[in-house]
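These notes open a run of structures that come right after.
Presented sequentially are two complexes of subunit A, the first with subunit B as partner and the second with subunit C.
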Partner chain A sequence: MEAFFNIFTINVFESAIRLATPVILAALGAALCNKAGVLNLGIDGFMTMSAFVALVGSYLVRNFTSLGQAYPVAATYIGVLSAAVFGGLLGLLFAFLKDKLNVDLVVLSIAINMLAVDITVYLMRTLFHQSGTWSDPSIVQLPSIEIPLISGIPVIGTLLSGYNIIVYSAWIIAIVLVVVMHKTRYGRHITAVGENPTASRSVGINVRGVRYFALIASGVLSGLAGAFLSVGHLTLFTRDMAAGRGWLGNAAALFGFNNPGGSFLAGLFFGFADALALRLQNVTKIPPYIISMMPYVLTILILSIVSYRTILRRRSISQ
Partner chain B sequence: MTRKLLLALMAALILISGAYAGGASEESADDGQTTVAVVLPSPLGDRSFCDSANEGVIRANAELPVKADIIETQGVHEHENAMRGAINRGYDLIMGVGLDTQMMLDLAEEYPDQAFASPSELTADVIPDNLAALLINVNKSSFLAGLIAGYMTETDKVGCVAGGDAPGINQFYYGYKQGVLAANPDAEVYVNYLGFDFSNPTLGKESAISLYNEGCDIIFSVCGLSGEGVLAAASETGNYAIGVDTVQDEYYPGSIITSVIKRVDNSTYDLIEAYVNGNFQGGFRTLDLEDGATGISWDVGYTTFKDNAPAEWAAKVDGAQALVDEYKAKILSGEYEVYDALTMELWDSLK
Partner chain C sequence: MEAIRFDHISKYYPSTGVQASDDISFSIEEGEIHAICGENGAGKSTLMNILFGLEKPDSGSVFIRGAEAAIRSPSDAISMGIGMVHQHFMLVDSFTAAENVLLGIEDKGFLNKSSEREYVRKLSEDAGMPIDPDAPVYALPVGQLQRIEILKMLARNVKILILDEPTAVLTPYEVGPFLETLRKLADSGHTVIFISHKLQEVMDAADRITVMRQGKVVGTKEKKDTSIPELADMMVGRKVLFEVEKKPSVPGDTILELKDVTMRSHRGRLLADKVSFSVRAGEIYGIAGVSGNGQEALISAIAEDASIESGSILLNGKEISGHKIAEKRALGMAYVPEDRMTTGLNMAADFLDNSIIGFQDSSEMNKGLFLNREHITERAGKMIDDYQIRGASVDGSVSALSGGNMQKVVLARELSASPCLLIVDQPTRGLDVGSIEFVHRMLIRERDKGVAILLLSVELDEILSLSDRVGVMCRGVLQGELEGSDINEHSIAMLMVGETEEGR
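Our next item is the complex of A and B:
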C-alpha cells in the first residue's frame, strides 16, 4: 500500500496541472460553444496558430521595441496578450462567417485545422528559415509566480503555487464561467440559445450576441492555451504544436457535460493521466503500452458509468 | 453585394493559387550529365534528416560531376507525387530520404529500369535490385553516449526519454543502457516512453522533469521534436541531456553533453558517389560506426559542452573521451559486442 501511495508524489500533481492547463482552457472554450449551440471544432487549429503568434509576438516586442529591450518579461506578456487577441479574432471570424454567410462551422473547422499546421510551418520557414522548430534565445519564458500567503503553506503551497499566469487564469476563468453559467441571467440565456434559438429569439434574447460571445471567448481561451504551449511552458514553436490538445479539449467538454466545472475537472483528469503515465513508467515495471492506454480506458469506463447512471435516472423519472 | 464581392475574391484566390502551383515550368533534367533527385519527407530547416541530406547533396554537387536536385515536400500526402514527378522528369538516380518503405518498394517494382536509393531508415525482407536501401545502425553510437553518461553521472541514475516502444527506438535506448552499465555497473537507467508522440515538446519536457525529479542527472532524448522539450528541461533544471540525430549541443550550450548523430549527409553523398562511379549496388545494407555513418558529436569536433559546462562537469570530458576511445577500439576490432534491438532478442543483462 505504501508503494502505491509512493506513486503520487507532489511532483506528479504539479506535472499534471501543467499538462492539464492547455486542455482545460480548450475544454472551457468548447463547453461554452457547445452550450451556445455553435460547435467549435477548430480549437486545435486556433491553438497551433496562437502558439505561433505568442512566440513571434514575444520575439518582435523583445527585439524591436525599447520596452522589450528594457523588460524582456514584458515582451512575453505582450506575446501572450497578442495570442489571446489573435484567438479572439479567429473566434470573431468564425462568428461572422456563421452569422453573415451561414457557413457550416464543422467544414470551416476542418479547413482551419488543416490550414493551421501548414501556415505556421510556411511562416516559420519564410520568416525564420526553420521548418521543424523555431526558437530564439532572446525570448524569455513566462515567469512562475509564487502566490503570497498560500506558497508558505506546506504541501498545498507547493501544489497551488509556482505556476505562470496562464495556469492561474485557467482556474479563475473556470470559476467565473461556473458562476456565469449557473448563477446569472446571461448564463441561462446561453443555455437557452443552445437549446432552442428560435424560441430564445421570440422571448427577446440576443441570439446573435450570445453566439458571437461564445465563439470569441472560446477563441481567446484557445489563444491562451496556445501561448501556454509556446511561451508558457517552453520558449519554442514546433510543427503541429497543439498535438491534438484542442481535440482533447473538445472531448473533455463532452466528458464534463459541457458544464464549465465538469470540463475543468475532465481537463484536469486528462492532464493527471498523462503525468501518472510518466510516473508509472519510472516506478513500476508495467509495460509502457498498457500505461499509455490507461487514460483512454479510464475515459471509456467513466463515460460508461456516467451514461448508465443517466439512463437509470431517466427510467426513474419516466416511471 | 458583399456576398458577390466575397465570391469574386475567393474565385480570384483560387485562380492565383492555381497559377502558382502550375506555374513552375518543368525543364527537362537530361543534358548528358548524371542527374540525381533527392526527395525529402518535409521541408528543409528541420535541423534533422532533411538538412543533413541537403548537406550531402551540396557536397556532391561541389565535388562530383553530377547535378543533384533537392525536392522538398510538405508531408506524407505529397511523397508519392514527388517521387513520380521525379521519375517522369528522367532523373538517373532518385533518392527518397526516410519515405514510406512500401511506397519505395512499389515504385522500384513498377519502374524496374529506374535506379532508386534511400540513404537511411529503409529495411525490408526483400529489396529489388534497382533499389539501394541503407539503414544506419545507431546502437553502437548510442553505446558510446551511454558510456559518457555512466562515467559522468553523479547520482548514479540516468534516464532516457524515448518516442515509443519500437525496435527502431529501442536500438538507441538499449545501446545507451549497455553503455551506461559498462561504464558504471551501479547506475540505474530509467526510461520513459511517450507513446509515439514525436511532436509534443510539452510532454517531452514533463517527462524529463519527472525523470530529473527521480534523481537522474543525465537524460538521453530519443523522441524527435518532443526532444526539444527534454533539452529545454535539462537547461532549465540545471541538469544534463544528450541529443539525437543531429548535433544538438549548441541548442543549450553547457547543458547538452553530446549528441548521437546519424550522418545522413555522408550516406547520401556515398550513394551519389557510388552511382556516378558506376558502383551502384541495389539491395539492403546497414551502415555502422565502422562506416562513419554514425557517431557522437565529439567525433566531428564539437567542444560546446566542454567550453560551456560548469568546471567540475567540463573536467570529466577528457576522462569520458578516453573511455569512449577505449571501447570504440574494442568495438571496431570486434572484441566487444553491442546489443542491437533490431536483430537480437533482449539480453538478460539489459532487462
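Our next item is the complex of A and C:
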C-alpha cells in the first residue's frame, strides 16, 4: 500500500508533463485536422520520420558546419526546426494529394505509417550502418530552460520550469489554438469547413485554404513532437520511434472533443498514464508488459465512452 | 425601375446534350415579387445559377439596374447585391442561428458574441422574421432554417433575393406565413425572385410570373391578367387534367387492418393512440393530417420495422407488426417511401440495381448462386418502356434523373411484383404537374386492378382527388373517417385541427 502512494511523487508529475509533450502536440494537430474535416491518421508516421530528420539535421549541422562546431546547441535547435519544416512538408503533401488527386486520406495515412518505420530503418542502415538504434556522441540534447522567477517557487517551480523549448512551445501553441478556435473568425471558419464545406464555400470561405492550413499545421506539430522524441528527450533514434504516441494523440483529440483545450488535457492525461506506467514498473511486481499496455487499454476504454456519448446525443436530437 | 434584365441568354450542356437556356430575354422590376414557373428541367435553376454566378452563359448578358454585369462567382453576385437561397440549406448544424447568419462576414480580430447576437436579433425583427439567435441550428424546424438562410443574405445587404423552390421543404401550414414574409421583404424595397412549380402559391404571392418550358421563356404575365389553368397550359404546353378521372371504387376483401395500434417514442411520448382502420382491395384509403401527427409513426410500423406498443396490424389476416420488412414484402406489400432520394432509391447504384432492390433474393432474379443478369436487364428495359422513364438507361445512373422520373423508377419496381397492398407516402412531393398526373393515373389504374392502396399525403388536393375513403390524423388519434360525398376540403380541415365529426 505504501508502495502505491509512493508512486505519486512530484517527480512523477514532472515526468508526466515531459512525456505528455509529444502526445499533446500530436493531439493538437489531430484535433485541428478533425475540426477542419481532413482526418489525419498519419501523425504517428510523421513523428517517426521527423524524429529521424531532427537527429540527422542536428548531426549534420553539428559536424559539417562552422556554426555547429562553434555552438553545438545551435545545431540541435536547427535540427528541431528542420523536423518542423519537414513535418509541414508532409502535411503539404497530404493536402496536395487530397486536393488535386482526391486521394483517400485514410489509405494515404496507412501507407505513410508503414513507410515511416521502414524508410527510417533503411536510411539508418545505409547512411550510418546501424540497425536498431543510432546515435552520435557529438549531438547535444535540447537544453532545459529554467524560467526566471517561477523556477524559484517550490513545487510549482519544479512542475512548470526546467523543460526544453518544445515543451513550452506545446503549451503556447495550445493556448494560441484555444484563443483562435473559440474567439476568432478563423476558428469558426475551420469548424464550418469541417462540418459543411459546401455551406462554407457558399459564403466565400476559402475551403481549400483551411484544409491546407490544417494539414500543414498538424505536420509542423508532429514534426516538433518527433524532434522531442529524438533530440529533446534522448539523443538517439530507434526503429518506430513514435511507438504509437501519434495514435495516442489521435485518441486524445477525440477524447477532448477535438477542442484544443480538451485535447491538451487529454494529452496530459495520457502522458500521466505513461509516466505512471514507468513508475509502476519500478515499484511493483506487475509484469512490465501489462503495465506498458495501460495507456492503450485506457485509450480503447475512453474511445468507447466518447462514441457512446455521441450516440446518446444523436438519439436525443432525433427525438 | 428595372432591377435585372436577361438579354439573349443561352446555355448548352454538352455532357447531357441539354439546351438549358435558349435565347432568354425578360426583365424583373425593382421591388416586385417575380415568380419563375416551369416543370422540372425547364431551365429555371440554370437561369438563376447564371444570375448568381454559379454558371456562365454561352452567350447573352445580364444587366443589373441598366448596367451590364459580369458575374463570375457567388461573391461577385453578393457584392452586386444579389443573394440566393438554395433549395438545400447551406447551414452548419452545430452553430447557432446567429453564427450561421454571420458566417463569413464576422468581425476581424476577436469575436464579440453578445454584439453578434444583438445584431442578428435586430436584423431578424426588422425583416419581420424573428429568430432566436442562440438556438443551435440542428434543433430548429425547417421554417426557421429558411429564415436563417434569408437573413444570411440580408446581413450581406442583398437587395435582390433569389429563392429556389422555397416552399418545397415547408409544410402546407408554413407556406402562408412564409409568403407573407416575402411580401414584407418586397415592401421594404427588396426584389424577390422565387422559383416554383406550385401554381397556387405563385398566384398567391407573385406580382408577375414568368413561365419557362424547355429552356425557353413562354411568357411573362401580370398576376391580375392570368389564372392557374392558363399558367398550367403555358407550363406543359397542353391542357392538364387537374381532376384525374376515376370511376367509383369497387371494394373487395379487407387487405390491411389496424386494430387499436398504440405507439410511443423512445422517450415515451404517445405517437399513435389506439388507431384502427382498414383498407380494402380496390380502394384508395387516404390518410390526411398535418405532418407530425402520427402518420410517420404508423407508416414506420406498417411498412418498415418499427415496433408497436399494443394493438395489431394484419395483412390478409396475418399479423405483421414487428415482422421483418422482407416478410411483409413476401406477403404482397409494396411501399413507395416519402423520400425517393434516400429511401426509395440508391443514388450511388445504377438503374439495374435499383430495379431489383427488395427482390434481390427472389428466385426470379437469381440463377444458382448468382444474379440472373440477363433476366434482370430485360426486366429493367421493360420498366423503362412501360413507365416512359425519360433519361434512363439500363446501365445508367438514377441520380441524374428528374424527380418525376425517379419516382417512376420506384413505382415501376414496387408494382413489378403485382402487390396486393401498395403504400405510398407523399407520392408527388416536389414533382411537376405532368409527373403528378402520371403518378395519379398510375395509382387509379392499380386501384382498378384491385390493389389496396394506402395513401399518405399532406397535400389536401391529392387526398381529395384520389381517395375513396379518408382517415384524418390529429395528435396521434384517428380523428375521423370520411367517405364518398363527405370528403371535402372543409370536413378534412376541421378534423385536421382536432374538431370531431359530431362537433361540426
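Here is the rule we go by: the second predicted complex is superposed on the first by the 272 of 319 C-alpha atoms of A that agree within 3 Å, B and C clash if a C-alpha of one lies under 4 Å from a C-alpha of the other, contacts with A are read in each partner's own complex, and residues count from 1 in each chain.
Here is the rule we go by: a residue touches a chain if its C-beta (ideal position, glycine included) is under 8 Å from a C-beta of that chain, and two chains touch if they have at least 3 such contacts.
The structure displayed is predicted, hence computed values, not measured ones.
Asks: Do subunit B and subunit C fit side by side on subunit A in the superposed arrangement, or is it a clash?
Replies: Taken together on subunit A, subunit C would fit alongside subunit B, as the superposition shows.
Asks: Is A:Arg239 touching the first partner subunit B, the second partner subunit C, both, or neither of them?
Replies: First partner only.
Asks: A:Asn196 in the overlay: touching subunit B, subunit C, both, or neither? Say first, second, both or neither.
Replies: After superposing on A, A:Asn196 lies in contact with subunit C but is clear of subunit B.
Asks: Quick one: name whichever of subunit B and subunit C touches more residues of subunit A.
Replies: For subunit A, the partner with the higher number of touched residues is B.
Asks: Which partner does A:Ser151 contact after superposing on A: first (subunit B), second (subunit C), both, neither?
Replies: neither
Asks: In the overlay, answer first, second, both or neither for which of subunit B and subunit C A:Thr299 touches.
Replies: In the superposition, A:Thr299 contacts neither subunit B nor subunit C.
Asks: After overlaying the two complexes, what is the shortest C-alpha distance between subunit B and subunit C, in Å?
Replies: 21
Asks: Show which residues of subunit A both subunit B and subunit C reach, each in its own complex.
Replies: In the superposed arrangement, which is not itself an observed complex, subunit A uses no residue for both subunit B and subunit C.
Asks: In the complex formed with subunit C, which residues of subunit A make contact?
Replies: Listed in rising order, the residues are 183-185, 188-189, 191-192, 195-196, 198-200, 202-205, 315, 317, 319.
Asks: Going by the contact rule at the top, pick out the subunit A residues touching subunit B in the complex.
Replies: 9, 11-12, 15, 18-19, 22, 100-101, 118, 121, 124-125, 129-133, 135, 141, 229, 233-236, 238-241, 243, 274-275, 277-279, 281-282, 287-289, 292
Asks: Can you list the residues on subunit C that touch subunit A in the complex?
Replies: Contacts found on subunit C: 74-75, 78, 86, 89-95, 99, 103-111, 138-139, 152, 265-267, 269.
Asks: Contact residues on subunit B for subunit A in the complex?
Replies: 2-3, 6, 42-48, 50, 74, 165, 190-193, 195, 197, 199-203, 205-207, 209-211, 213-214, 225, 228-229, 232, 236
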